[in-house]
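Letters are used for the chains, namely A, B, C and D, taken in the order the chains are written, and counting of residues starts over at 1 for each.
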Amino acid sequence: MDFSYPADVEAFRTEVQEFLTEHVTDAVLEEVDTGTVHSDDLHKAMAAKGWLSGAVPTELGGGGMSPLKMSVLIEELQLFRAPIDAMGVAIGMASIILELGNDFLKGEVVPRLLSGDALGAFGYSEPESGSDVAAAQTKAVRDGDEWVINGQKMWTTMAHVADYVILLTRTNPDVPKHKGLTFFIVPLDSPGIEIQPVWTMGYERSNATFYDEVRLDDKWRLGDVDGGWNVMKTALKFERGIAGGQFYSPPLIDATIDWATDAPAPDGGAMIDDPGLRESLVRAMIDVEVCRCFAQKTAYLADTGAPFGVEGSMTKLFASETFKKHSHWFMDAMGPDGLVKRVEGDGPHVAFVEETFRHAPVTTIYGGTSEINRNMVAEAHLGLPRARR
Amino acid sequence: MDFSYPADVEAFRTEVQEFLTEHVTDAVLEEVDTGTVHSDDLHKAMAAKGWLSGAVPTELGGGGMSPLKMSVLIEELQLFRAPIDAMGVAIGMASIILELGNDFLKGEVVPRLLSGDALGAFGYSEPESGSDVAAAQTKAVRDGDEWVINGQKMWTTMAHVADYVILLTRTNPDVPKHKGLTFFIVPLDSPGIEIQPVWTMGYERSNATFYDEVRLDDKWRLGDVDGGWNVMKTALKFERGIAGGQFYSPPLIDATIDWATDAPAPDGGAMIDDPGLRESLVRAMIDVEVCRCFAQKTAYLADTGAPFGVEGSMTKLFASETFKKHSHWFMDAMGPDGLVKRVEGDGPHVAFVEETFRHAPVTTIYGGTSEINRNMVAEAHLGLPRARR
Amino acid sequence: MRLEMTDDEIAVQEVFAGFFADQCPPDAVREAADLGHSPDLWKRLAEMGAPGMAVAVEHGGGGATLSDLAVVAAEAGRRLAPVPLIEHAVAVRGLIATDPGHDAVADLVAGDRIATLALRAAIEGEARLVPGGAVADVVLGLADGALVVGGDAAPGAAQANTGDLALANRTLGDGQTLAAAGETEWRRMVSEWQALTAVGLTGLAQEALSLGTTYAMEREQFGVPVGSFQAVQHGFANVATSLEGAVFLAHKAVWALDSGNADADRLAAMAFLFAGETAQACAAASLQYHGGYGYAEEYDIQLYYRQAKARTLVLGPPSAEYRRLADVVLAPDSTEGAAA
Amino acid sequence: MRLEMTDDEIAVQEVFAGFFADQCPPDAVREAADLGHSPDLWKRLAEMGAPGMAVAVEHGGGGATLSDLAVVAAEAGRRLAPVPLIEHAVAVRGLIATDPGHDAVADLVAGDRIATLALRAAIEGEARLVPGGAVADVVLGLADGALVVGGDAAPGAAQANTGDLALANRTLGDGQTLAAAGETEWRRMVSEWQALTAVGLTGLAQEALSLGTTYAMEREQFGVPVGSFQAVQHGFANVATSLEGAVFLAHKAVWALDSGNADADRLAAMAFLFAGETAQACAAASLQYHGGYGYAEEYDIQLYYRQAKARTLVLGPPSAEYRRLADVVLAPDSTEGAAA
């Protein structure tokens, strides 16, 4: 095997690092800390670099940036603690539209997303359907050339700053649940949409979005009527290629080392000399190396056109579960000092371990729970039979 | 709450400790190390003390030793690394016979078991039925006043030194599996019985026992025809009261401390000063304290006549899982030294950590697997619904 | 031996279970988050006699045992009560044990003033991140080997923290010396704090677990309750088993302190460490099986997840306590040993 | 970048997978348990050119890379092959690197004599529990900072051990010095051993996992295969996921050594530690889901359980290696750091 990156990808990594060094300023990190995990300046700068349109497959009219380069971009963004959600949604939504959308959507929505002028949001989850996304109940009823939408979505992160939501609706309640779904691209300034904040333990802001008699021309429909599950499969395919989450732990490890270098140990010396903490740090670094291998393998498979769904499940499961474990280890190592929160004026580098502790648990939930990923590994990787669920 | 033991129980503990100090000699421990986890001298000495008959409930004609005293006896036996299987089987089998058996069995078998003159063995498991014990297929067919038995039992530990096996058979294949079972007490010298050794990773010897046209007078039947599941429930009730397994770890911890006190650390000093090992030892000691609490609570419940099945499941689950974990911790602490096996002439105290490592995994299997115990805790303790199994 | 609550204890439990359910619903916990303390709840607790209940009658207290107080601590933990009840109780007992005539005693026993205990020795006169430190009028602690009672004013504001506790730094350097060589007295207070906090953490854990199993039975995915999946059941079963053990061990530690058992300090440290890990594990499992909702501020399980960690870490890094305990149980002259 | 095997490597894999399946069934492993070595299997491996395959052609070897050798190591690990193939290969490479004219080279490359490496520095001239030490004619090791090649005779008997390995103490004190300051050369050999052993452990783990899932699908309890229970599936899924990562990391370490990557030593240690833990976890899960049968000597999974532990511990206590690695990656002048 050969784990080296092609020269052009290495050069791209250097370019990304230089870009991020310039653009991921403390001001950007503080902006993210308002709870909306987005920086419009950074997002537009990335769009200007051509990285959003570049990530769209060539055959769909995009720049065809290779999965390897995408993986390097996503890795570096995470190492710099930069927000990546808006990028992922923009690329994902644009790609789906380009593959399955009509000319109107391709002309109206895609350019705005890829230029960074407009932002998207995912509207899959509902109060009663999380992992079981196909159980969506938000109704879309045809009325001539229009559709009337009623219902509620949950975890519509970024909806309050976004322009479009890609909405999963139920258009036929009388067939098996996977067969009565239809997708729409919905402008978020449509009359009848209400957005309520959902604040979290990690101080990130998500949203609940309510749809009350929202009327939409049929041109906003994405894919066939009752063909929503196929759209969902396409969406998942694109999402996997742009999913972050492999490099949650490195900034946490670095923050812990920074703290330990100065923190006095109870018996003199610095905490960085504590053998237990040193062992934990090395174990965490090994987990990161494993994540690095997973990320590289997934990108490699994508690059060669091979399926990488199972590798993606394993990556997500391993990275998020070890991250949560690390978040406990390093909180514990800091003891009472670890509990102290950042307060206004502290800047974005204080109390990062504490913030991470409050953020980490959701990473084993969103984007596919650990339980769902274990089911997937058991069935698709180990060939075990479908367990009752 | 009051965790103190009554004075008579404390006095009994002292008596047990004095007895075991005298009787659990190195010779006894070496005898056990042959693989047959039994010492006839020790067993008979305990019978002579009246501890076997004493453990049988008063209402069944036994000595009515309190569950508290029994728990102290079992605790001390484990702390002394003494074999307890034969005691458990003798008391259990005698108690079941006294509660459900006919006069012949009461007169013929019970006195021999309780005097230590005869040994018993459990014949529940079969090659195809372990946790699912009610699926037993060993057939007993009536032939006049006799029964003809054909089949195979697995894990008939001690059968090669025992006189009787308490055998679960299928007498009716045409009803639901729990309803066609019948128990017999079978003399192991009956024609047609073959006993084959099953050696294990831990060097313990168990047996597979084969029954080929074994003919048995009806007087050896225990309980009603097709009433075997009721007998099983009675058996489980008695077994829980005499189950060991709460104090696997203390001898392991002590052996590790003994080793670490002398073993040089890589950077000078002794391994006992290694902070990581010290933390592991304390964690293991805390787990032992928890086991001690579980054992005491279970005995207390039995003493007050309250049900203690769920407590028993939790005790077994916690004690065996932590024991297995400890066995890894301390092997790892010893490194290559931990791998070296005892060889002939070493005596019973050398390489105890290594032996424990090979023995520990089976403790999360036998006497109820961890999986079965987790099912039990989920259903009976937490009130969750029966999961598919 | 009696491994159940007495009728008296059951009566106390019923009273305080009702009290905290009424007076300390989750919204009250949220409202008290900034200070980490609810003056109103404290006032009502004082009216119930809780702050002085485990003080001898001759000093104006309720004459109750630590075991009695533990019953209250469990209910307070169950509701995440934002009051320094345990800290106050052990500090007052420690003050009376060393200086029964101290002029603050009467106010403290009545709950008109609040005492607390610095759980780690002061460094250069400063005790850092003292629980209850944001509101306590009286702070006992160890400074240069002496047991001192510090008199600086409560800051009235907590250092913002993960568990919304009333943490603040307090100065002990200019305090009054209660015992020049006071480590034994201080250690006794810490042990009482550990044992009672262990019980409190088990109360917290029981409620966290209950929130999780209840949610898992209400929440359906794929047409069945989440709680009917075997993997979820086994996750709950593991932590529920540890919790059962943690409850016994915590009560055993309290009993050992009450009865003057020689093992009391050791058991208190063990009970605290085990209860802390177990409470975190229970809250973590219940949080996970809440799915995304557990992470939302409006759901209560996230309060338990944060507080289980915070109430454990206020003592210090767990590894430091494991090693301190190792020095006790592995000392060459120790009569301990696992098989002891 | 190429994260799959080359066609050449696939061909090598097919040959050796077949070879070990034929020549090293579980019964052969059992028969070799006392010595921890099968002379017959070694002879056949020598006929295949395996002992010298990763030695340069100019020294009579096969001129293969470590990556090629790793393919063989994986198959040897999969079948628990009782031969010191990895130890021999890295020792011979190290000998040639420091003393290419050594008179044992030709025999060693041909596999007519066996070499091994002491994985821990000798103490007072004695290297303890050397893998392959029971049968090796030539032992390389570090003694007082020097790289030496020891010449005492192989004892021909192993110290009986958990993993049935050919462990024996060997004297290095009277050996020939290859490099007076030889720690760098020795460390290089240890790194090669770690990376190749990591690959071998992943082979072991894959077979252990396969034994477990196969058994779980054949074994029925309560009317369904044990492998259809979700708790069992999730237990397997967790270790299978770690194993997938362990395989990548092990191969990355071998690649790093082959390509002279500056991170090679660090990656080799990481790969070894992770593969060791993962192999143990895979074997433990499969053992558990075998129920009682896994514990019976006649079943193979117990061989994997024992050997996963033994093949990890021969290097030393894992915590010692974690801390050594910490000294490397946390050194103040290190350019590492997690985000590097």
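Operating definition for what follows: a residue touches a chain if its C-beta (ideal position, glycine included) is under 8 Å from a C-beta of that chain, and two chains touch if they have at least 3 such contacts.
Treat the numbers as computed from the prediction; the structure is a model and nothing was measured.
Participant: Most remote chain relative to chain D, going by C-alpha centroids?
Facilitator: C
Participant: Once you count every C-beta pair in contact for both, which comes out on top, A-D or A-C?
Facilitator: A-D
Participant: If you average the CA atoms of chain C and of chain D, how far apart do the two points sit, in angstrom?
Facilitator: 49
Participant: Cα centroid separation between chain A and chain C, in whole Å?
Facilitator: Distance between chain centres, rounded to whole Å: 38 Å.
Participant: Can you compute the centre-to-centre distance for chain A and chain B, using the mean CA position of each chain? Integer Å is fine.
Facilitator: Spacing between the chain centres: roughly 52 Å.
Participant: Give me the residues of chain D that touch two or more other chains.
Facilitator: 229-231, 233-234, 319
Participant: Would you mind listing the residues of chain B that make contact with two or more other chains?
Facilitator: Residues 274-276, 279, 371, 374, 387-389.
Participant: So in the complex, the part of chain B that touches chain D is made up of which residues?
Facilitator: For chain B paired with chain D, touching residues are 125, 128-132, 135, 154-155, 198-202, 206, 266, 274, 276-277, 328, 331-343, 354, 357-358, 361-362, 364-366, 369-371, 374, 387-389.
Participant: What residues of chain A sit close enough to touch chain B in their complex?
Facilitator: Answer in residue numbers: 274-276, 279, 387-388.
Participant: Quick one: which bits of chain D touch chain A in the complex? Just the residue numbers, please.
Facilitator: Listed in rising order, the residues are 1-5, 67, 209, 213, 216-217, 225, 227-230, 233-234, 236-238, 240-242, 244-246, 248-249, 251-252, 254-256, 259, 267, 270, 273-274, 319, 322-323, 325-327, 329-330, 336-339.
Participant: Report the residues of chain D in contact with chain B in the complex, numbered from low to high.
Facilitator: 120, 128-129, 159-163, 165, 167, 220-222, 224, 229-232, 280, 284, 287-288, 291-292, 294-298, 302, 305-306, 309-310, 313-320
Participant: So in the complex, the part of chain A that touches chain D is made up of which residues?
Facilitator: 1-6, 68, 79, 249-254, 257, 272, 275, 278-279, 281-286, 288-291, 293-294, 296-297, 300-301, 311, 314, 317-318, 371, 373-375, 377-379, 381-385, 387-389
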